[in-house]
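Letters A, B, C and D mark the chains in the order given here, with residues in each chain numbered from 1 onward.
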Amino acid sequence: MTNLLSNFCLASAAPGAATLSPILLGPSEAQLILALPIIGLLFCTLCAIFRVKSKAPAFFTVACLAGAFALVVRLYLNKTGTPVITSGFEWFFLEWGDGKGQRLVANFSLYLDSLTILWMLFVTGLATLIALYASEYMAGDLGTGYCRFFAAFNLFVFSMSCLVMGDNLLLLFLGWEGVGLCSYLLIGYFYKKPSAVEAAKKAFIMNRIGDLGLLMGIGLTFVHFGSIEYRDIFHAAQPYIEAAKAGKYNEIPFLVQLIPVLLAIGAFGKSAQIPLYVWLPDAMEGPTPVSALIHAATMVTAGVYLVARMYPLFLLSEYALPLVAWVGALTALLAATIGMAQFDIKRIMAYSTVSQLGYMFAGLGGLSSTGAAFHVVTHAFFKALLFLACGAIMHGFAGQLDLRKLSGIRRLKGWGIVSFGMLVGCLNLSGFPFTSGFFSKDMLIGSEFLTPGMAPIGWILLFTAGLTAYYTFRVFFRVIVGPLHYEPGDELHSAHDEHGHGGENHNEHAHVQDDHQHHDHGHGGHFHPHAPGWAINTVLLTLSVLSLSASALNFLHLPNQPHIEGGIVPELVMESSAAYESPYARHEAHEGTGDGGHEGPDAHGTPSYVPTAIALDDPHAHAGTFLGWNPHAVMFYVSGAVGFIGIFVAFVLHYVGRTTAATAKADALLPMLGPIPGWAQHKWYVDEFYKYSIYWPLIILANLCNLFDKLIIDGIVRLFGAIPRWIGNTIRPTQSGELHGYAAGMAAGVAVLLFIVFILTLR
Amino acid sequence: MTTEFTATLAQAGYPAAFQSITLAHYLFISGAMFSLGLIGFLTRRNLIIMFLCTELMFQAAGLALVAFSRFHMNMTGQSFVIFIVTVAAAEAAMALALVVLLFRRRESLDAEEWSELKG
Amino acid sequence: MIGRLAFLWPEIALFAATCVVMVMGLSRSFSVRKASAWVCGIGLIVAAFLAATTTPGAPGAPAPDAAHGQLILPWMVPFAKSMICLVALLLLPLLAGTVDRAEEARIASSRAGFNPLRSNRAEFYSFFLFSITGLLLVASADNLIWLFLALELTSLPTYIMVAISSSRHRSQEAAVKYFFLGAMGAAIFLYGFALLYGAYGTTNMNAIAALMRGGTLSTLAMAGLMLSLLGLCFKIAAVPMHFYTADVYQGASAGVAAMLAFVPKTAGFLAILLMVGMVGWNYGPSGASLPDSLRLLLWVIAALTMTVGNVLAILQSSAKRTLAYSSIAHSGYMLVGVIAGPGDGSFTQNGISAVLFYLLAYGVTNVGTFAALACVERPSADGSEPRELDSFDDLRGLCRTHPAAGWMMVICSLSLLGLPPLLGFFGKLPLFTSGVAAGEIPLVIVLGLNSAIAAFYYLRLMAYPLLEEPGVRSGELVANPFLARRLAGILSAGGVISLAVFANAIMKQTTVAGKYPAAAVASTKAEPSLTAAEQR
Amino acid sequence: MQNAATPISAAAAGFQIQDWWLVLLMAVPLAFSFIIAFGAPHRARATALFGTLVAAALTTVVLFQFNWGNGAAFQFQNRIAWLPSLGISFSMGVDSVAMLLIALTGLLGPLCVLASWTAITDRVRTYYAWLLALQAAMVGVFIARDLILFYICFEFTLIPMYVLISLYGSTNRKRAATTFFLYTFTGSMIALAGLVYVAWVNAGLPKDAFEGAGTWTFDIAVLQQAAQGSLTMAQQSLVLLALMAGFAVKVPLFPVHTWLPLAHTEAPTAGSVILAGVLLKLGTYGIYRFALPFCTGAFIQYAPFLAVLCIIGILYGGLICWVQTDMKKLVAYSSVAHLGFCVLGLVALNTAGIQGSILYMINHGLSTGALFLCVGFMYERYHTRSMKEVGGLASKMPIWATFMVFFVMASVGLPGLNGFISEFLCIFGTFQASDTWGKGVWGSSGAPVPGATPGNLGPWYALIAGLGVIVAAMYLLIMVGKVVFGPLREPGAHGDAHGSHGESHDSPGHLPADLTAREITALMPLAIACLVFGLYPMPLFDALKGPVGETVAMVQDVRENGLNNGAAKTASVIDAREGTR
């Protein structure tokens, strides 16, 4: 178990660590990272079986996840630049020959490179924190769903770990669907609520659509590369990479170019991109910690992870990366416009998640895997923070999430940390200068402008950045600051009941609420929002600090490594399969800053499969510019300005002169925009579009099939079954019971038979 | 075949009148008898007459046998006929017994009376 | 002379028994009268024994020769005769109490004395034995005259048996139809025999066979053959001569119906095998099938017979009628074996063996189904004869109210359905194999599909006793006092199961029995007259 | 067959227990069936449980006795002379495929008894006796090494099932039972003709009119090897058609599936479990064991056609599931879809596909069997299967809900559970199996496609079949969403009654609201099996490696060498058999 460390040391000690293939090891303590959540899961299951009513499952979970986090940190500290594969037990092993590609292997083996470690760091870290948060948040469900929640939580971390750490696509797929299951279970946590059940179902099915793409991609990968293990894939892809380097895409088979597209479809499903994004906003039906962890920080970035992990393959296609980039950019824009028009703060956050995921994809597509990964990390922190803050509000105000019914809650006692966390999160999300979100977003947008042909995407992203700042601070200015005003949500009467309600309960509460709206502050008398407790506050504070300090990542650098702009996260990425140094970035680096500090990473231990530079063979590649300037240099100012503008607009429209919670100046401006705000509020009717263009036709088809089955297929069968009966009934009259009839029948029969036989056979 | 047969008869020294009566004539008569029997069986409703019609069919076969017997110049066919007549007698006995039984029951010998079993 | 008669020992034994029975049945002593059935049984056992030991071709007996019956299928005779005797032995207890029941009851309660004029017992049992004797004679018939007489001997007593099997109108009606149509059928095959004689100038079947194989088949011969076969279709209840079947079976008492399903059918099949055997299966492109016209005729008859039987059976509400139609269908199945012919002589390919095996299987199984109907009865209100079970409704819940009757019905109908691992399946399997081996695959498919159609009504026959709740009127049903009937059914059901396990012994026998000595007949000396005819 | 096949027990070797394991496997349930039938009614249930447990224990023993390292070899072979005239013997032997299916049968036995414990109150003796007879017949199918023995057991399963459905089913049971029987019986009669035809073609008889009785053989091993050499393509096509008429109905494949929903809907719980768990597998097993080896050439040629039928079944069945309101019917139609995958894998004719297909037989038996158990337990409480009448049972029956969700996930094909393993392999095998890889539009010339296998399916088939995975998620989750989740709805508690009236609602009869220990005991083994086989299927892969490898080699042989090189093999096999006699 512990020989991992020594092996790492060994590897790093070896001269010229640029080994061609990863180091293979037996089971290692990395496997324990998978085991810990399973232990947590078993414990929670036992608690459920013995109906434990304490918070034991939560704390046990926190302990397990913290242990996992510690192990990941240990891995990080001991990592070398070389990927390590630690083999676990066998899962799939099929063999039909000795040759290449005649063996299907997918084991519980882990592929540990810096990308994995990067992802695992924030996955386990955030999971630990959010589990702690949830221990308090879910306390209302003690004895009912508490164990179930944490069991699913543990299962999620396990699945996510499989997804990230697996050394083959199938194990990734296991994690991929596993997180989908947990997402399903946790979205549907309040299973008595039809909307939650519906949302859970939607999430699972939408994901399945993407999964099919992924599955086909896996199949195609195997067929063309003869393996689904990363190391073999990368190895086998080498000839194609050479071809791609030389720009000879026509030498790469069309189907190989299709692989990344198929994988991307899977990624779009999981990461809620057009056209499969509609499940994510609905997924907010789940408990907030779930939204924070699964639907903001970790699971939804699985798509980004997949693209990053398979980045070498994405480079093989002329179309894959532009596709990814355009889908990302359009998603970012679309989600932002929808987010601007929503009133439910959790939904706003959800749309902002979709939007930010779009950024990441655009980044990946714009040849900035580093920027995308950086944004994943920063986004994980600040979005988790935002969600948890929203969750604290929701928790305290009995499920109230409507920004028209909440205002100025910073004035309430005990809500300081929440307000602070909210502010930090909003600043990050808006890309306020020198926050971590600012750096990562800049990197993304900058590289779009650098890469030729991607400039429109850069403009879209820039514009979206402004929108993001606006809708983010719209929430902040309306909910956190301004005059104090609040109405409790619909969980008031059932605060000590279970969280779920039947549909009728809902109506009942809505009715009560209507009644109360006639008196201003009607609830002031009975309703006291309860401020978050220590666990929530601790977590919020921690995350705030982390989000703020994450900007430091931009300036930290790995020891013994060439420094790359963007700091430690890009450096980690550059050590992994996602390493891709944009030729344009290099161009810029040489000419713009003159910083020769980093040479091509392949000189420094990056495995040779990394197609580091198509550009190395293509010195004449033109880097794009931002209106003639160096994009990276200028983007600091431009995006900062855009962010400011967005915040300012929000300030004017939603803070200045606002006296009530329900309305702000913005409302007066809305009619000027015509029907557009309405459309945006209805999410551009995409759900309806899907409903009428896909769901209903399918339902009709299904009904037709059902009818067809009953009438035609079964009908034919019954017809065949009826034939004997029909013949019988037809000839039954011959059995008239009359002697003469019988005699006539016999005579005629004899005559006919003789006649037939003679005609047919005797000339 | 017919002409050959006639020639054969002539060779065997049969009178000319016989020569014109060939096997075909017998067979025709036999066939006609059989058909008449059959038609009678199908058309008559009285059980006794129907039985007689079956007898007619039997005897048609008998006639054919005798004719063939003569044709083949052996006695097998004729001995067959004797057996047929015997069997016909036995059948007649049975038929009469049955007819009596039935008449006792229904006071009628109409075959149509007996069509309770059907389907 | 005795030597010449040696191969008739079983018939002689049966005839002796018949004579004894005729006398004993008229005895004034009840126990002597009753013993007549036992004498019947003993006669059958002795006949079976004699058939198995003394018939030429049987182990230990001399080899068949022209002096001892037909040489067309000579090895068939010992098997057929013993098999017939054994099935008849099974039928015998089923016939217990068919006649004279009311009369005997009156005598037993001293309300009446024994009146020989009113007693049918003697006739009934002796007719039964006569019929069996005729059947035995069919097997070894080597002459068309003999064949005709044997067939008539088989049939004539059954007409009477049907008529006296119950005192109700139905049985008289059945007898009328059976008798008149039977006479018509007989006339048809008789005419066919006449034509055959006309074509070959001999009635010796061995000789005809030799002639048939020596030259081509003339149209006259073919017409004779076809008429004969069509006439024989009456015996086996095949299309187009099947019309009478259901009415007669329904009208007759269950025991007699069971007998009708076996005795004339066996006679018919043996006769058909002999007739077809005369022609031989040496025609067609493969040289192993019947002449085209004959094959076509039998093919059409087989296909129509099984189909008509089955499709009519599924419509019935009377169990007895259903069984009657099913008996038609089974004839159709067996015709497949006739068409297939001897193949290479192995059991799997030999259609003749398959037919013989099937006759046995069908005979044994059939007894059980009718026994189930005969074991239980509904006493009539007016003191007249109790009614045997007939409709499906009567069968409801029989397994619970009368387990023995119910289960024999269940087991035997499943066997008739051909459901493995019961005897019926092993009967059908050789038909499949021989049919396939003969290249008659479409016919085998028709056979398969027909088995499936048949499943519909056999399932009802099985489900009503086993699965249905007893009906409202089931309480009225009482067991028939004649335990022998139950014995017959139990033996039959037991046989259906146990013979399946030990079928190989029978299969070996049928393999031998189905041997078709293609060459043996040709050497038979033709009669002098025949030679004369040929010379002309 | 491999040379390593254990020699057939010779009489000279004396009594050896391993010769009789298989007979025991079949005889024990049969014996208990009779014991129950003639025993006291009140003891029937316990006797049945005991009997199935004994059978299960025996199965376990045999499982351990079995040499898994040599899974392709037929082990515990024993041949008892039965009907040499017909070439039929009581010939037994199991390879790992059969062994696994026997294990499945053995596992489901006690579970079915447990599931029927309280549900069957009337005519218990009949019920349990037939249940055990059914088990014996199913075991018989898998152990048979003689075509006719196989067929006998194959057909005999109909009767117990018929009785179970028609006596213990729900309202429309009579019709369902009859349809079930007639439909499958019709098919199998045609299949019998096909089987007989194969035996005839391979008779290799000396053409002597008086000798040679019983030179036919129905020995599966001999016929399998011989069939490829002796049947022409046209013959193979006909035989394939005939065999598929029997087996496709049993599976059931698309156009001949309509008996299944009816039978499942009406059958008692245990009946449904057996039906879905094992009986349907008789069809796929038949295809694997007979249709494929007997008519390899035709099978290869018509694989696309079969695949299309499977795919239609997958999508069509799935869509129909979507609009069902009857839970059992839904699960039944889902079986149509699932077995489409199973056969699809088989017709892919490569290692992944066939392995997936065989695993699918087992996995579908586990997960769908369990789903039927779940639905049955619910039915026993609420006496309805309509999704319109019940809903939100999670709040009332959390344990049940947990199992339900678990098995639905297994059925959906969630990785980590057993369904995924087989479903993935089936789709994957289909995906690989194309001769067009690397040619034409699928790739530029000369590009290596190492992972492709020969075949005539390919990615389009896989893609369209893969849509079925989405559809499966839709209909199963809709069912879960309606029945397990959502506000509580119970029949007879309409109007204002919901949730809060839960306490006053009488649990029907004697059963508590949630699952009893007995019911949990019935579900637990299946759940464990689902999980274990999902996460650690390696034992299964290893076990099936041998037989699947041989099948693929056989297919490959026909692909490369055509049909006419089987004669020599036939001779060698017959020699080998003669030698062991």
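The rule is short, and it goes like this: contacts are C-beta pairs under 8 Å (C-beta built on N, C-alpha and C of every residue); 3 or more make two chains touch, one makes a residue touch a chain.
In this text, all values refer to a predicted model and were calculated from it rather than measured experimentally.
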Remotest chain, chain D as reference, centres from CA atoms: B
Chain ID, smallest distance between chain and overall C-alpha centroids: D
Geometric centre distance via CA averages, chain D-chain A, whole Å: 38
Distance from chain D to chain C - Cα centre to Cα centre, in angstrom: 43
Chain B and chain C, separation of their C-alpha mean positions in angstrom: 28
Rounded Å distance between chain A and chain C, as computed from the means of their C-alpha atoms: 79
Two or more partner chains touched - positions in chain A: 732, 735, 737, 739, 743, 747
Shared-contact residues (touching 2 or more other chains) in chain B: 38, 41, 50, 111, 114-119
Set of chain C residues in contact with two or more other chains: 176-177, 180, 184, 188, 246-247, 315, 456
All touching chain pairs, where touch follows the definition stated at the start: A-B, A-C, A-D, B-C, C-D
Chain B-facing residues of chain A, complex: 732, 735-740, 743-744, 747
Interface residues, chain C side, partner chain D - complex: 342, 344-349, 414, 419-421, 425-426, 429-430, 432-433, 436-437, 441, 444-445, 448-449, 451-452, 455-456, 459, 463, 466-467, 503-504, 507-508, 511, 515-516, 518
Of all residues in chain B, those that touch chain C in their complex: 8, 27, 30, 34, 37-38, 41, 47, 50-51, 54, 57-58, 60-62, 64-65, 67-69, 71-77, 79-80, 83-84, 87, 90-91, 94-95, 97-98, 101-102, 105, 111, 114-119
In the complex with chain C, residue positions of chain A that touch it: 724-725, 727-729, 731-732, 734-735, 737, 739, 741-743, 745-750, 752-754, 756-758, 760-762
List of chain B residues in touch with chain A within their complex: 38, 41-43, 45, 50, 111-112, 114-119
